[in-house]
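Shared chain: subunit A. Partners: subunit B in the first complex, subunit C in the second.
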Partner chain A sequence: MTHRKTAALLSIIPGMGQFYNKQFVKGFAFLFLAVCYFIAFLDFLNIGLWGIVTLGTEVPRDHSIFLLVNGVISILVVGIGLAFYYFNLYDAYQNGKKRDNGLELSTLKEQYHNVVDKGFPYLMVGPGFLLLIFVVIFPIIFMLLLAFTNYNLYNSPPAKLVDWVGFKNFIEIFSLDIWRETFVSVFAWTIIWTFTATTLQVAVGIFLAVVLNQKEIKFKGVIRTLLILPWAVPAFVSILIFSGLFNDTFGAINQSILAPLGIDSLPWMTDPFYTKIALIFIQSWLGFPFVMAMTTGVLQSIPGELYEAATVDGASNWDKFRKITLPMILFTTAPILITQYTFNFNNFNVIYLFNNGGPAVADQNAGGTDILISWIYNLTMTSAQYSKAAAVTVLLSLIIVSLALWQFRKTKSFKDEGMI
Partner chain B sequence: MKKLLALPLTFALAASALAACGPQEDSSSTGGKKETASDKPEKLVIWEDQEKGAGTEDAIKKFEEKHGIKVELKEIPMLDQQEKLRLDGPAKKGPDVITTPHDRVGPLAIEGLIAPIEISDDVTKLYTESSINALTYDGKLYGLPKSTETPVFIYNKKQMTEAPESLDDVLAFSKGDKGGAQYGFLANWTDFYFANGILSGYGSYVFKDDNGTLNPEDLGLANEGAVEGLDYITSWYKDGLFPKGIIGEKAGQTIDGLFQEGKVASVMNGPWSFQGYKDAGIDIGVAPMPKLPNGEYVKTFIGVKGYNVSAFSENQEWAAKLVEFITNEESAKTRFEKTAEIPPVVSLMEDPLIADNEAAKAVAVQSERGVPMPNIPEMAEVWAPAANALQLSATGKSEPKAALESAVKTIGQNIKANHSK
Partner chain C sequence: MSIKTARRIRLTLSYLVLLSAIAIVVYPILWVIGSSFNPGNTLSSSTIIPENATLTHYKKLFAETDYLIWYWNTLKICFITMVLSVIFIGLTAYAFSRYKFIGRKNGLLLFLILQMIPQFVAILAIYILAYQVGLLDTHFALILVYVGGLIPMNTYLAKNYYDTIPKELDESARIDGAGHFRIFWQIILPLSKPILAVIALFSFISPFADFILASILISSDEKMTLAVGLFNMIKNEFGNSFTLFAAGSVLVAIPIGLLFLSLQRYFISGLTAGGTKG
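Take a look at the complex of A and B:
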């Protein structure tokens, strides 16, 4: 048998292959790590893996949600263990191969330098990556798994156990009338909201930036400062003030702006249509300064020669805007504009603080202006439908992740070559 | 290479799967009910509502002296306590007694976070029947009441000399000179919490009460009385006595604001609003709600705050004793003196301490006329559709009957969707 095979086979017990390759320090370190791993985690993994499969068998000893958490952590720990185990086998195999080919094995000192030189970036990234696994990946997996359970008020620990139910939650969202109707109408409004509100805020921002960038305009600093102000005020304060301004009877919009113009009071808070208009307006107000500030920066970096050349060629101002300014702006800012869309898709603050998703409309589970994320909030907070809420969240994430990925990939600015 | 690796990997997986045979220890280590009364614990922990600790301190001191058990009091906002108990309880860091609004009792009992307590009838007789009912779920008593609150009639003494006897008088006042105010009377009747008083007064109910157990399948929000009640509510909006601006989510804040500015002569609101009104410099008078045009009392929702025993407590019997002690007549009286929380203790209703306090008396009297807010979890599905029906009717977009029937249909659907066991 070749050295490589023998070494790899021996390394089924971590470190043995390394001993065989006469790398005693490394072998001992591997063996020591493996033993520590089992001593430290065996009990935890035992309960965790058992727990995630059964979610508990006995009340009140077993708390299904804690078991689920333990289980997810166990799987992550097992994953890390397997990665180490694979490395151990790989190392034994590679060094065995070297021996087969009659090459010298690295001495301890060389190994050390190897690790420090080649592995340095990994060493630096490692701790952060580990933290990321437990702080970001772990909650996502937990939420994902929750969508496949029946966790709601009536199956809550410690009184009851939670069970795996497969795709039941997803099927119910589309098969039960009230769930389907709510989902469809909330989803439709979420899409309309995302596109109109974001597009408007981007359009207004770019428009103002371009106007302010004209040479003829005086007092640019003052005007810019004024226009930036909506961004400087904390959004939630603005939203709460707006909800007062839009009050049907006492609000300044109806009383001081529309009334002198001879327009009757509009039902801003009690008619879903007008609430939607108001929401889109408010979001544009909150969002345009950022786009404007960003665009102003881009505009100043567009070389003047482009415009001069265009003037020589006889292009009108509109032509210059359409063929030079706009493409340059969109090219540079596209990734950020996309995040504006994804941000509004999940813009909980405006919806919740302005009218709490209301006004109520007949025959559905959510308010007239509820978007997916605020509906999920209500499902969790008022109805204790944790698993349904998780299922809707999964659907929402699928949509938003695929949209974002698709758009990012289509955007030229993520390719290596520049435009200029 | 791949084959070579596959073997140990499968082996490792199989090994971990084999090892994963679950907890081997016996389950006898858990379950807190085995203590007997003779096993005195060294210490009990009680979670009291924020800024309300002063009202309970005296009683705790006496309990410590009497039984020689140390009691630790922690102030935690009442609505945060359940969330904390969910995590602290299983970790054995939780309290023995928590403070809870009674409408959370049903969900908490289902979740298994609070335990039923054994209290003799002699003791429960101390409290008003409605407050004991409020803390009973599924036929079991889950705690004893600490305080009660319900919306009452609050008026600005500068604009209204005395509280009217009936809502008809209020109507006449609102149509008349209004005491110089912009509005004679405002109430947040598109919020179901306030509107239910009217609807129930006309004979509606949320869930049918079958001898102390609420039946979530029998909804009474679209019965004749409810329609009549909503007709009455709608008339206030139709006649322009209630402006459109007090419809919807923010209505409560708007009404508060108008009352504090002196633009409204009287409002319907709960005891929690008294201080704010006084701080705004309004000289308030408080009375029970005026009678309905049909001669019935307004049956407002009562909220009861109670002490419950945690299901994680290892000394549930002693915890129950503590609950009994800190809600008894003497303790309740001290609590009222210190924190102005109105106890639903029958004998104290006649006590000069409360009887001579206009505001407390009004709340106490109205509490006797009201109905406890349902404490079953299905109630969560009622608020939004009911408010919806009230709004649709108040804005004239829908007839009261149609609006209520649609609401009851939605409530029924949601109960089926969210609460089928």
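Take a look at the complex of A and C:
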């Protein structure tokens, strides 16, 4: 039997393969870590894995949701353990291979330098990734699992146990009328909202930047500063201010602007149609300065000779805008403009803070202006339909993730080149 | 029509467009400032030019609410979030820009994509986890979640910026015997100050806007943040304390707005430098 196989086999007990390769310090370190791992986590893993399979068997001793949380953490701990275990086998195998080929194994000092050298990037990335595992990965796994349970207001711990129900939630979203109709109408509005609000804010931003950037315009600096204000004021403050301004009975829009023009009060907060108009207006107000500022940067970098050459060729202002300015802007800012769309797709703040997704609409369990994300919020926080909310989130995530993957595949930033 | 008249028409139209844009942008802001000086309490008495301007609401804000405590909490959270984010992001991005390691190629991308998944249901999990480790109702838990949330996108921006720093600099330093960390500290760090400044600003400002996490993880009044405090002020009895809310908003918006306006150049350059190269 070759050294590599023997070493790898022995390493089924961590460290043994390293002993076999006569790397005693490393072997001890592996063995020690493995023992520590088992002493520290055995009980926790035992209960955690039992909990995630059964979700508890006895009321009120077992709290299903706590068991689920601990179960997810157990899975993560097992994952880290397996990674370590794999590394242990890999290391034994590699060093065995070196012996098979008659190569010298590294001395303790060299091993130390190796660890410092190779380990450096892991040391840099490690803390951040550990945090991300708990803040991003762990909640997502939890949410994913929750979508397959029957956790809701009427079936919640500590009074009752939660059970695994398979795809029931997903099937119900599409088979029960109220869920299906709500889902379809919310989804439709989400798409309309994303496209109109974002396109409008981008168009207004580019338009104002181009108008402002004409060389004859005076006081450019002052005007630009004033126009950038909506970006500078924290958005939650502005949205709450708007919800006051648009108030049906007392709001200044109806009282001070429309009334003097002889227009009757419009139901901004109580009619879904007008709320939608108001929301799109508010989002354009909030979002255009960013696009304007960015476009201004691009405009100032377009060489003047291009325009002079165009003038010589007899191009009109409109031609210049269409053939030079616009392509330049769109080309340089496209990646950021795309993120504006994804941002609005998930723009919870404006929908929730303005009118809480309202006004209410008959025959569905979402408000008239709820987009998917605010609907999920209300399902979770107000009506305690946790598992349904999780199922809707999973559906939404599938859409977002596939779109994002498609978008990112086109970026070159992550190609390996010139690495150390 | 002569060229001169055409030009005059174009300029007049341009000024008209800009003026109306300014009017639309400035109106809500002036209105809320006006409201904050209005003697009445309610929305109906809010006007853009108050008749009997008064400072009552500002006095009330300091005397009768926890406004100053919220302000202090928010500043504290924002500041710690900023410091931790810059450290984490600076180091992570350095590794991503300069080293080969398992997970380099897809690790960051994975998190960028995972972050787009709406987290509301997942907040339950964070809530229970915080409860189990005894971090519920602490600012520390909130800061950790904020920092975690800021890492992927900003690491991406910083990495793109680091990539523009020539690798020959590192190599010559390495030949001169500098270690990994020393190269980072003495070569990369000084050269990447602009992007780190942008990230610091982003991290400082973003916790200001959050009220979902803060309202869920924080329960006691004296630990509340500004966003939650102001939201509660008008959610509970909309209209009845609107002017108080207006005063509170003005005091938030002015410093943040000024900070932002004075530094917006860097925001834009940071975004375009890190984002458009893609």
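Basically, the second predicted complex is superposed on the first by the 384 of 420 C-alpha atoms of A that agree within 3 Å, B and C clash if a C-alpha of one lies under 4 Å from a C-alpha of the other, contacts with A are read in each partner's own complex, and residues count from 1 in each chain.
We adopt the following convention: a contact is a pair of C-beta atoms (placed from the backbone, for glycine too) under 8 Å apart; a residue touches a chain by one contact, two chains touch by 3 or more.
For clarity, every value in this text was computed on a predicted model and none was experimentally measured.
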Touching partner for A:G251 - first (subunit B), second (subunit C), both, neither: both
Partner chain(s) touched by A:A389 [first = subunit B, second = subunit C, both, neither]: second
Which superposed partner A:V25 touches (first subunit B, second subunit C, both, neither): neither
Touched partner set for A:M143, first subunit B, second subunit C, both or neither: second
Touching partner for A:F348 - first (subunit B), second (subunit C), both, neither: second
Which of subunit B and subunit C A:V184 touches, first, second, both or neither: neither
First, second, both or neither for A:L42, with subunit B first and subunit C second: first
Of subunit C and subunit B, partner touching more subunit A residues: C
Partner chain(s) touched by A:N365 [first = subunit B, second = subunit C, both, neither]: first
Partner chain(s) touched by A:V115 [first = subunit B, second = subunit C, both, neither]: neither
Subunit C-contacting residues of subunit A that also contact subunit B: 66, 243-244, 247, 249-251
Of subunit A, residues touching subunit B in the complex: 5, 8-9, 12, 42, 45-47, 49-51, 53-54, 57-63, 66, 78, 82, 85-86, 89, 93, 152-154, 156-160, 176-179, 243-244, 247-251, 265, 267, 269-270, 355-356, 358-365, 367, 382-385
Subunit A partner contacts - residues on subunit C that touch it in the complex: 7, 10-11, 14-15, 17-18, 21-22, 24-26, 28-29, 31-32, 35, 42-44, 46-48, 88-89, 91-92, 94-96, 98-101, 103-109, 111-126, 128-129, 132, 144-145, 147-149, 151-152, 155-156, 159-160, 163, 167, 170, 180-181, 205, 208-209, 211-212, 227, 230-231, 234, 239, 242, 245-246, 249, 252-253, 256-258, 260-261, 264, 267-269, 271-272, 275-278
Contact set on subunit A toward subunit C in their complex: 65-66, 69-70, 72-73, 117, 120-122, 124-125, 127-129, 131-132, 134-140, 142-143, 146, 207-208, 211-212, 214, 216-217, 223, 225-238, 240-245, 247, 249-252, 255-256, 285, 293-294, 297-298, 317, 332-333, 335-336, 339, 342, 346, 348-349, 353, 372-373, 376-377, 380-381, 386, 389-390, 393, 396-397, 400-401, 404-405, 408, 411-414, 416, 418-420
Sites on subunit B touched by subunit A in the complex: 1, 4-5, 8-9, 11-12, 16-17, 19-23, 27, 29-31, 89-90, 107, 110-113, 243-250, 254, 311-312, 377, 380-381, 383-385, 387-388, 391-392, 395, 398, 406, 409-410, 413-414, 417-419, 421
